[in-house]
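Shared between the two complexes below is chain A, which has chain B as its partner in the first and chain C in the second.
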Partner chain A sequence: MNRRLKLVASVMLLSMLMMLLSGCWDNHELDTLFIVTGIALDKANDSEQLDISLQIGKTKSNVSDSDKSNSQQASTIQLKTTAYTMMEGLMEFNRDSSRTLLLHHNQVLLLGSALAEQGIKDHIDLFLRDHEARMEVLVMIADGRADEVLSAKLDQEKISGVFLAREMQDLYAVSPYYKIRMLDFASRLRDGTTSPIAPIVALKETDKKQEIKFNGFAVFKDGKMIGRLNNDEVLGYVWAMGNVKQCGVVTDSDLGRAVFHIINLDTERDVTLRPDGGVRVTLTVDATLNIGELRGFNGMTPKDLMPYLVDLAQNEIRRKITDTFVTAQTLNADIYGVGTSVYREYPKEWKELKNRWNELFPDTELDVQVKVHIPTTGQIVKSLEMEGSKS
Partner chain B sequence: MRIDKGQISGTQFMFSVACFIQASAPLTTFISAVTLQDSWLVLLFGAVLCLPLIWLYRTLMVMFPEQNLLQILVEVYGPVVGKVIGVAYIWFFFTLASLNLTDLGKFTKLTIMQETPNVVLVLMCVLVSALAVRNGIKLVTKYSTLFTIITFILLSIGTILMLNQIKLENFMPMFDQPVGKYVQGIHIISTIPFGELVVFLMIHPYVKLSRRDATKYLFLGFGLGVITILVILLLNIGVLGNLLGMFTLPTLVTLRLVNLGMALSRMEILFAVILVMLLFFKITLLYYVSVLATAQLFKVKAYRQLALAAGALLIAYGLTLYPSLVEQAASAQEIVPFLWTPFEILIPLLTFFIAKLRKLPNAKEA
Partner chain C sequence: MFLRFIIRKLRFLSKNRHSVCDNTTESNNNEQPHVSTMKKQIHENLDCLKDMLSGSNDLKIHPFRFGPDPQLAGAMVFIDGLVDNATLTEAILRPVTGWQPDKKTFPTGQELMDVLAQEILCSGDVRTASSLSELASGCLAGDTAVLLDGCTAGLVVSTKGWDKRSVSEPQSETVVRGPREGFTENLRTNTAMIRRKIKNGQLCVTNMTVGRKTQTDICLIYLSGVADPKVVETVKYRIGRLDVDSILESGYIEEYIEDAPFSPFATVGYSEKPDVVAGRLLEGRVAVVVDGTPFVLTAPMLFIESFQTTEDYYTRPLYASMMRIIRFFGYFITVFAPAIFIALTAFHQELIPTTLLFTIANSREGTPFPVFLETFVMLFAFEILREAGIRLPRPVGQAISIVGALIMGDAAVSAGLVGAPVVIVVAITAVASFLVPNQSDSASLLRVIMMVLAAFVGFYGVSMGFLAVLLHLGSLTSFGVPYFDGFAWMSNLQDSVVRMPLWSMIRRPKDIAHGDITRRRFFIPPMRPYTLQDEDDLEGEGEHE
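And now, the complex of A and B:
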């Protein structure tokens, strides 16, 4: 009798738990959600306000319908509003829509360049604080209006947010420094001396077709966009940071044009304090290249050519790195985190240097040592025009 | 004299110790917010400095193999003073249990169940805990082995997936902060996770231990716990760098960053599993100890009857302890270490010396 009572009691208890544990409050059904795939922030007419635009990936069955008009439908929904803060905007969206917004799968945060120039420090608090906010969201700057980039109709991918995320994932394989996540961005904003950077994307329209182009890096200082690096300078930056896995090095000389393929490029950074109080940075670049393509170099023997090519590649890498460094110094933006390197190397001296960093960085000396190895020449040993190929 | 007839083995005791310390691992903010990138060093220093403390607990365990802390106190200080200190200890255990319960509620809410009311989460935990407490020490410690192993497995998975995002330069520079911060950090680390081991003085009579085994299992368990916290701290520092001090739950943020080829991502549920599991264990053990101590103090034979009432009190107490997380964190950094010091270090030390002077355990036998 007692045993049976116990059994009944435990079954009742368990079923009660079952009901309670399933979570009456936090159930999210797919058909009640709007999955946000991209957020664009723009400067509004009123400079205190923000133009907020959300891209929502539509849940849609993959089964091809006989009804053709179905495929013509847009695969995203765009919500737009203007508000003082991001949260107010989200509240408005939630009030005016039939479903709940889900930010977990947000791929990208696009900031319009006008807003970036005005300053963004005040606008990203939500992206760090909200419980749905993820530090892996990509931060990008849109040339012009961010909502236009977000609403681009692309051939390659139906959802532009996903397109941007995949593009960045590919670039990440080239160098991790291409991909700027919220974590990296916020970390630099908080750092004090290191300038945050973010990739710029631009919308390009050519006869009814819309494309998104990668257009260099935006450089920030004190939370404001103060300048940009063009695509060439971005290469110089990425090479200076090291850990590059695949990328091209284009060189041009009197004898011909050679394009190299980077197999591995590593950069070691060494900072020292100069006797006169300034800072010297030594970058030791160690690169393993592959010959990608050669044009010209008529009449050279392979034996002469290799040292010549090594020299050519070394000079090109050094030139790009130096060029970018000069640009950064002109902007007075420490995009490399040289200050942080000094802090890590000389924590005591840094306390004093930190306050003068704005004067010190433009005065920093750069020394680039490049060592290039070219172990293989590709599938052919000689090119058609080279000396010795005719014999 | 013994209220609970259960007995546990040495291995179970070891895993209980390990699990108890591990429970502090998901919530590393109390230390990482103070000493930032040097937290792991502080942890190691703290652990080494705590070895004598653990040795003290171990000595007390060996000196009084048949009596738990409350009985030791009565024996050493006499019935009146001993009982007064005993009441203070009950308050200490009870507060600890309550604090951990609040943590469980708040952090579960923060990680997975944002809209669920705090009371519901806390109530569920207390109901299950009460079930264990009513069944005695055997059930309370039974799952420690499983929990410890699951924690290790999940943690290794998380660590392996995060390896590619660790930046070694985030650990530099070392020893850059004012000395006071390190002292504060070591004080926090020795009182908050490690010194709390004093609760094991309440349950050691249930362990079948010889003198050598007591040392071995206690220190092994301690070591396992320290390793867990160390791994989590290293991971957080390496991944988050200078943002470490900004987040409420750095480990959650770290695990959210897992991204391996776009397929393996969003692993934060691992964190939630570890958090709930370990905190549940810690709460149950503290809950059990407070109920046991109360029953003993008031000479209640049927301590089981106290379990549910104590649980209700735990919830109510926990809800009123701190008005907000911010204040709780501030107090964990500034006040709690000083408040806990007498319970964890001073009183056991004093007890040890007085017992030695009065030649207590031997005098009784003689």
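And now, the complex of A and C:
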């Protein structure tokens, strides 16, 4: 009896202790938190150090309506410091601020282009290690200083971090390859042959207004930014990767200008080893387009026009994809992950090819086969000019 | 040190419990019902009877004389207010005083008593009582005792007739579709209402009397052949062994006979409507009707029963199923919504979408208390308002609801004491608690526990609490039937989260019904349009020829 009672009592006590042990662990009331919405890293004067800039979304009490000036105040707080490592910077911020920093909702990690060119491998360790900094954070490169982009006052969104995240979400609907998260970036960094890429954003100031522009992709190699793709080349890259929806194809010819709307574009990649030891990539692009807008094409009947338009679109898609591939080859950066495809097809040969990939990639042959279907012409068949020429 | 202290406490408790048990058994033995024998002289008997009823003034004794040239003395004893005066006159006074028997063949003594009981009195219920205490209890139950001079026995004539509430629509279980009658405070009216629903000889009604002082009549009703005899015996045994001084409401009985007295979940069901009780009887349950209350107990009770309403069976199955699913969600919300809100905002901000987080954070800005305290205070205030609303007279109730709505909803938010999302969460919690009225008591208890868990350890605590509740529910039984039996068998599942069409629910609930478990003929779906059927019939006939 005594022993049983002792057991019951100790179990009771232990379970009570268990409650207290974990009591209020990680408990943070919302009004004791700073919700970080963006982090910018820049090259500091001292090359060993980093300029860290944090953007915090300001919460406003909607109770004090009498204070009208509230609405004119900035909706973000900018914290800046210079430190050797990210963690040191965060420690300093936490020490000097009235609230705890919450990194969970960090939308974007902006890297200044100077820092990116210097190399970023040393600086993103915390973003991979810390559980609070999620792998879903978007990685972007700022043209110029990153903290300037982060502190931009925008008309579209109050918080520039949220603006960037929403813009990327919008582009994600076009193609998943636009959205570069920390996870994608880091896995490419680790991969060895595939080059990481990240979108470039630039701050543009006109008439006292600030805007953030999407400005192509930055291409990395060995953790250093070695070049960039402009907006046209980005299209070529995205089309080469496939799985594109609702994107425009702009074509120009002697007869007129035609803009197509991609309903669906899929790309199949086929890798073969050439007899001479090189690699040959065959991209089979299967695109369903819709005519978006036509200008010109006077005097053509719809029957003649359609094959012409298909041809036009096929050529344009092929041209863009090939152009981008050439750029990638001149940069010697395998942004497509061709190496990974080779590894999947020829796992045995890859062991040897891997070491020579820097020589092999510029030598890779590309074959693009484009099949375009234009099932509908939109709501009208002929454009007004075509009709006018007929009568 | 502390450990030893707890052990001492526990030992003390267990000892104490034993000693209490001993006391009660002793007191039981001491009390012996005293039987007083009757004398020949009528006035002695009357005096004794008066004495037994403490000389109360509402005890009326009406002496009369009857027989050939009225020579025999008799007396009617009854309690004013409990008897129907018209019945009294018609059934006893008029026939007895108007009786003109032959002088020679006039019976005496015991014989006279039998003649009176069998030939003269115009009443359907006349009993002979040989002891004064029997007569006294008859009087107390509303019957009239008839005493004759020179007889050592008396007659108890049923003349019950007190003022009672008529059958009306119950306040607690209102329906849109379905019968609107509800039980009353009168036991016989209630049993009759059940009888009217089930006109079958198998419906067995057993009377019991409980309560040393109140002598409350109780009726046990079940369908013999359908109800599990073991459950019937258990209910009978548990009620039979009661030695209490009063039963004022069926809640007393419920508390004495339930399986798990310390569980937040009720293991005995109740209802105020005859059609509900009839439905449960037909499923093989046992009903306990208690005199003096319109609430009839049913046992065994399953968890699923709280989510079933009569209207589920009166409306079409698709809609009924949807409503039932909504009720499950409502129960979940009313238990877990505040806890989840606390866990999300105080521990797991990463789970809230960024935009929503900013909205919540904006409203939390400048509020002085932690979110747990805020939610707790708001819920507490809601309980106060609800309680006030129930107890207050109706005209004042409106004022309370306006004050409550304005002060709680608006002023508290605009003063910055609580955030608007908390008010929304509390409001949805409060409204959802009315979806499952039978479980609202367990819900409000669990809600507080979950909130405390969430305030300490966030989602971890909530999920542990959920698991604990689930384990507890799984271990509960009601009169030997598992509480979760509604989810256990295929045949029971037909009437659990969804309500299948009536024609597909062939069997009565397993583990509750016993013996005659087939409810319907196998699969009688609704008829097809008759034109098609005619064609089929014609074809069939053609083949036959």
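By definition in this document, the second predicted complex is superposed on the first by the 359 of 391 C-alpha atoms of A that agree within 3 Å, B and C clash if a C-alpha of one lies under 4 Å from a C-alpha of the other, contacts with A are read in each partner's own complex, and residues count from 1 in each chain.
Just so it is clear, contacts are C-beta pairs under 8 Å (C-beta built on N, C-alpha and C of every residue); 3 or more make two chains touch, one makes a residue touch a chain.
Since the structure is predicted, the reported quantities are computational estimates derived from the model, not experimental observations.
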item: Partner chain in contact with A:Asp26 - chain B first, chain C second, else both or neither; value: both
item: Which of chain B and chain C A:Thr206 touches, first, second, both or neither; value: neither
item: Partner chain in contact with A:Leu183 - chain B first, chain C second, else both or neither; value: first
item: Chain touching more of chain A, residue-wise (chain B, chain C); value: C
item: Partner chain in contact with A:Pro347 - chain B first, chain C second, else both or neither; value: first
item: Which of chain B and chain C A:Val162 touches, first, second, both or neither; value: second
item: Which of chain B and chain C A:Leu102 touches, first, second, both or neither; value: second
item: Touched partner set for A:Asp191, first chain B, second chain C, both or neither; value: first
item: A:Asn45 touches, of chain B and chain C: first, second, both or neither?; value: neither
item: Partner chain in contact with A:Gly57 - chain B first, chain C second, else both or neither; value: second
item: Chain B/chain C common contact set on chain A; value: 23-26, 104, 134
item: Touch list for chain C against partner chain A, complex; value: 2-3, 6-7, 10-11, 345-347, 349-350, 354-355, 357-358, 360-367, 370-371, 413-416, 455-458, 460
item: Of all residues in chain A, those that touch chain B in their complex; value: 17, 20-21, 23-26, 104, 128, 131, 134-136, 169, 181, 183, 186-187, 190-191, 341, 343-345, 347
item: Complex contact set, residues of chain A against chain C; value: 2, 5-6, 8-10, 12-13, 19, 22-31, 33, 35, 37, 57, 59-64, 102, 104-105, 107, 132, 134, 162, 165
item: Complex contact set, residues of chain B against chain A; value: 110-117, 120, 124, 169, 172-173, 176, 240-243, 246, 253, 256-257, 259, 262, 265-266
